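Shared chain: subunit A. Partners: subunit B in the first complex, subunit C in the second.
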Partner chain A sequence: MLAARVLGTLAVLLVLSIVIFAMMYMAPGDLVKNLLGNRASNPDTIAAIRAQYHLDEPVVTQYLLWLKGLLTGDLGESIRLQVPVTEAIGARVGITAAMCAIAFAMSVVVAVPLGVISAVRAGGWTDRIGNALSVLGLSAPTFAVGLLLLYVFAYYLPILPVYGGGDGGLDTLRHLILPGITLALGLGAILVKLTRTAMLRELEADYVTFARARGLSERTVRNLALRGAAIPVVTGASLVLTFLVGGTVLAETTFSLPGLGTLLEDSVLFKDIAVVQALTLLVAVVIAVIALLADLAYLLLDPRLRDRIGVDS
Partner chain B sequence: MIGVEITGLTVTGPAGTMVQPFDAEIPLGTTLALIGESGSGKTLSAKSLIGLLPRGFKAEGAATVADTPLPVGRDDASWRGVRGRQVALLLQDPFTSLSPVHRCGDQIAWTMEAARGHRMLRRERREAVAARLAEVKLPEHVAEAHPHQLSGGMRQRVAIAAALAADPQLLIADEPTTALDASNQAEILDLLRAIQAERRLSVMLISHDLGLVRGRTDTVLVMQSGVIVERGETSRVLSDPQHPYTRALIDADPVVAARRGSGEAAAVDLDGRPTLTSAQGIVKTFGHRTVLHEVDLSVREGEIVGVVGESGSGKTTLARCIAGLEKEDGGTIDFAGETLAPGRASRTPDQMQIVFQDPYSSLNPMMSIRAILAEALAVAGRGADEVPAMLELVGLPAEIASRRPAELSGGQRQRIAIARALAPRPRLLICDESVSALDVSVQAQILELLSGLREQLGIALLFISHDLAVVRMIADTVVVMRDGRVVEQGDCAQVLTEPAHDYTRLLVAASTRENAPAGAGKD
Partner chain C sequence: MTAVAPTRARSRRLPPASVLVSLAVLALALLAVVLGRFLFPDAMHQDILSSTLAPGEDGHLLGTDELGRDVLAMSVAGAASALVGPIIIAVGSMVLGVILGTLAGYERGWLDSVIGRWTDLLLALPVLLAAIVVGGVLGGGYWVTVGLLILLFSPSDIRIVRAGVMEQSARPYIEAAQMLSLSRWRVMFRHILPNVASLVITNMMLNVAFALVAFSSLSFLGVGVAAGTADWGRQLTDNRAIMFDNPAAVFVPAALIVVVAVAVNLVGDWIGQRLSQVGEEA
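== the complex of A and B ==
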């Protein structure tokens, strides 16, 4: 099962790399002009640059050169930054990963209990407030939420920094609070809804009635239902996490964070194909790994599935 | 000392009084049967005795268990310490009443731990669970199993052990065998009977099945629309019913009819009729599991063929292969002399149609009856002006066309599903458990409708059911299936009177709800 899965993922990655390469090739703009900027140019420099980056070769050859490099472990060089791609990404990956982790942790820690309480006291005030918040969180665009938070917590109440990634450690953490909340709001909204629905369905289930009929305490009954609801909630959480990994560009731009999102944005504008390729593949791999982890989590959560695929419980 | 005493119990809901006040007594060690059709209020009465009424419903009245009053009509907190320890409720469906993700032993232990108010030590817990499992005749290792690893009958035993683990004095069993296969039903009821005698329990058995109640309960209450219309000793009520509703229930009951020997379809002369459809050597596998092993079946023009078997016997898969809803992996299916390729693409709507079990989910709730039937007629190139004629065919008034499925009763919905299936004028109608979800009186009417349609339209029927008692009321020929094989087939009356296979004998016994012949139900 795992082998088929890895092969499938590799095939997707290959197709993806071809599509992205072709789109970047066809996009308007000229790499040489971007590179030279306002400096004076003469035909010799242009020819030299074109030769150095194989820009004179047919597009298929260019792609194959990139693929060959990839297979030998060389992701190429960022033309814009004049450093190896691995270095360009390595310098930025920490802040994006931290931001995603903070956003995900915040959304799970708030949304799952809120969803559970909303379901247990369906129609109560927690439910109504949770419902209103999740409608708000789902419908508000990321950049608008980001700007609003900036106004409130960095401008009117200057308790948090306005932009940048900070100087590392606690300072960076402080800088990541607002972007984290911005991302977490949308995610949390989906998770509250998912948890509430899953929990409501479990609470209606016969086994919950039977548990009550045998005198089990309300707390035990609720834990039982939560254990049953965990399966759909994990699915939802993994989907949301992949969505989060893809959606960091807006938050990073709003808060001027030097992360992968802004790197991707700049590289696309510059036609810096090597970086764009590497970043897209990185995101795709991360999404594939998350999906795999979610599937492994099902095995842990659902004994029926364990038996069906023949894993010993 | 009287076991359970109920006085003036009544349930009111959003639509008014659902259960009119009634009294009842269940002495220690006896069983009271509460009989009625769906919607009669029997389940509401039961749930009011354990404080688990759905939202919006309220109970009043008084009940005592061993002279201790139950907090009828009070809030959840008052019921703490009562549920499990004085009263326990056993639900209908063992496939859903146990948590699918927890081990059976844990689920039994929770009841005991809830009653004691603390967790048990590992060894004490294991021994206590083993003792409870032994009481329901299950081996100790079942404690380690998850519910999906057990058969339906074993799951219901686990549920019984879990319900009784805190030693209640009153057990309310709400249709405890309805979801089980015929060979398990009698076993579970007899087990309950034995435990009851051993523990001197009071049992309230809720059922719609009169055949099941006979010989296994002491007294009967018959409930109709929330009113007790008849009460008395079980044998007296069943042999000499006073109220017309009780009489109607008994007459409609296929089991009671089977015992009287009257519930058999009138013989139709089928000799010389040409074969309409035949399946030869059908093999179907799902993954590594083979569900059909070279099954043969044939239906003649205008014949009603009953296919009987338990869940998992392959009867539904066979029907779905014939209808083209599943693709068989081997064998051939002929229809009117032509061989049909597997799958739907090779079939036309005027060959065969299927009527499913659940009329609540097989009709689109957003469409009016007129739209549902017009859609089916349009497929066959017939106009919407034929809708009234279709309704008349299934015995429904034309005014019903403007309603939606939710406004109809279960029986009316199933009639609509039949009318929809008949719209393309099929030559074969496949009924997959089409009456199983209906109350007995409605069931009898639908069976009558189906055999009437056969006479009127000359169509053939493939009638699939788990209940031989139902099949014998309608079928000319019966096919008995088990574990993906046909174990016996032949003329319906002959198979029933002289079953050749052990398994058929078991089903025949189950169809009269008598005790299973020893050993026949074991795998």
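== the complex of A and C ==
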């Protein structure tokens, strides 16, 4: 069961890597010219490009060499920035990771308790506010929220920076607050919905009724239910992650943050294919790994599943 | 009978106020889609002399953008581009979902595994990322982006229909239909489909809202809609530079996206609740 799951993930990644490799050939225009970018086009440089990308080999060999490069950490070179792709990504990954961490922390701290209270007092005013907020959060595109914050904080309340990534340390952290809040709203909306639905279902379960019948305090009962509700919420992680990837691009573009999102956006516009390929694959790998971890978290959270998997495998 | 009566009475009552308002908003939005180009035939008219006017200046209720185009006219005319795409995306993804999901859920076997792996593959890609990369690198226009989003939205429809069909297939009425040796297409699309229709319609409504947000995000990033087009998402990018001179040029289209998306979500939730009530009564 678990082995099949891992193999399935690897298969999906392999197919994706073929599609991503093929992107090089699907881009309109002449392949060599695309790979040359702004560099001068003369017989020498063309020959260098053909050698660098093994263009004279059969396509399958090209793909295998490219894959080998990926696995050994050689992601090619950015034609726009004139540096290795690993370097371009390495320089920007920190700011994106920090922004996502801030957004994630903020949304969990607010959304999970809100979702729990909404479920416990279903129909009450907390529930209504939570529901309104989550509909709004799902309906307001990240960039619209971002632009509104940008306007308010640039014009009426100039206490937080609204542009760029700052110059390291605490200054960068301050620059990340507004993009973080922007992302957190959408994330929180998804989390409130997930938590509320899961919690409602758990509260109707037999074990909750039984726990109440035995006279356990409402607090203890709620903690029990929350543990059961954690499973569907963790499974929802893939949903959260998919949102996060798109949201990162939008939030970084809105606040001109030099992160991976803007790197992707710029590289796509410039047709800097090596960077686009590397980033797409990176995201696919991260999503696949997190989905796998979410499945493993299942096992930690629900002892019943451990037995079932033991039987199946 | 007496037990059923109160439910019937409730379902005939008017929908809640929020849903009524949402329906009115959607009606207005659709009116703008259909009549926009007749109401403001010269929305794209540029006038360099009236560039970037603040709201109210010179007879422009919401001011003008950098090229002197009236923001009100642009926003009404922009409804068509911003809404037609998402509606087609949701409907197209529903059609794909109904066909592939029904086949997978009813036929099972190898067809089911192939379709299952296909949805796995599509779900491994974040919609926005895939659309940015493919649309940007291949340089896709409006309809290419719509087609791409149909493909990327379809896995959720396929899965929902498949689960519904599998649940229905086990029921006695389907066994009876099979005993009468009705053709499998007749069983699938005349007998099973109507019973999963409520799931399908609810999901389609919610997809319209998601597609609206995704599609406008893409036009904000410059994918799918050319610069200078009357389109809500595109207006936000094009007018960012003049945000402080005429905020309406940015916030009116932004508010329109949010309001329409909220309305679609509320109506979608309400339809979902209504249909599941009807299902319980039957």
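Things to note:
Throughout what follows, the second predicted complex is superposed on the first by the 237 of 313 C-alpha atoms of A that agree within 3 Å, B and C clash if a C-alpha of one lies under 4 Å from a C-alpha of the other, contacts with A are read in each partner's own complex, and residues count from 1 in each chain.
What we mean here is this: a contact is a pair of C-beta atoms (placed from the backbone, for glycine too) under 8 Å apart; a residue touches a chain by one contact, two chains touch by 3 or more.
All figures in this text were calculated on a predicted structure; none of them were measured in a lab.
Of the two partner chains placed by the overlay, only subunit B lies in contact with A:L301; subunit C stays clear of it. By the touch criterion stated above, A:R39 is placed in contact with neither subunit B nor subunit C. Touch counts on subunit A: comparing subunit C and subunit B, the chain ahead is C. Of the two partner chains, subunit B is the only one that A:S217 touches; subunit C does not reach it. In the superposed model, A:T209 makes contact with subunit B only, not with subunit C. No residue of subunit A touches both subunit B in one complex and subunit C in the other. Residue ranges of subunit B in contact with subunit A, taken from their complex: 50, 52, 76, 80-85, 88-89, 91, 93, 96-102, 110-111, 114-115, 146, 148-149, 159, 162-163, 165-166. By the touch rule above, subunit C contacts subunit A in their complex via residues 120-121, 123-129, 132-133, 136-139, 209-210, 213-214, 216-217, 220-222, 233, 236, 240, 243-244, 247, 250-251, 254, 257-258, 261-262, 264-266, 269.
Put simply, subunit A touches subunit C in their complex at residues 8, 12-13, 15-16, 23, 26-28, 135-136, 138-144, 147-148, 150-151, 154-155, 238, 241-243, 245-246, 249-250, 253, 264-265, 268-269, 271, 273, 276, 280, 283-284, 287-288.
Interface of subunit A with subunit B (complex): residues 205-207, 209-218, 220, 224, 227-228, 301-304, 307, 313.
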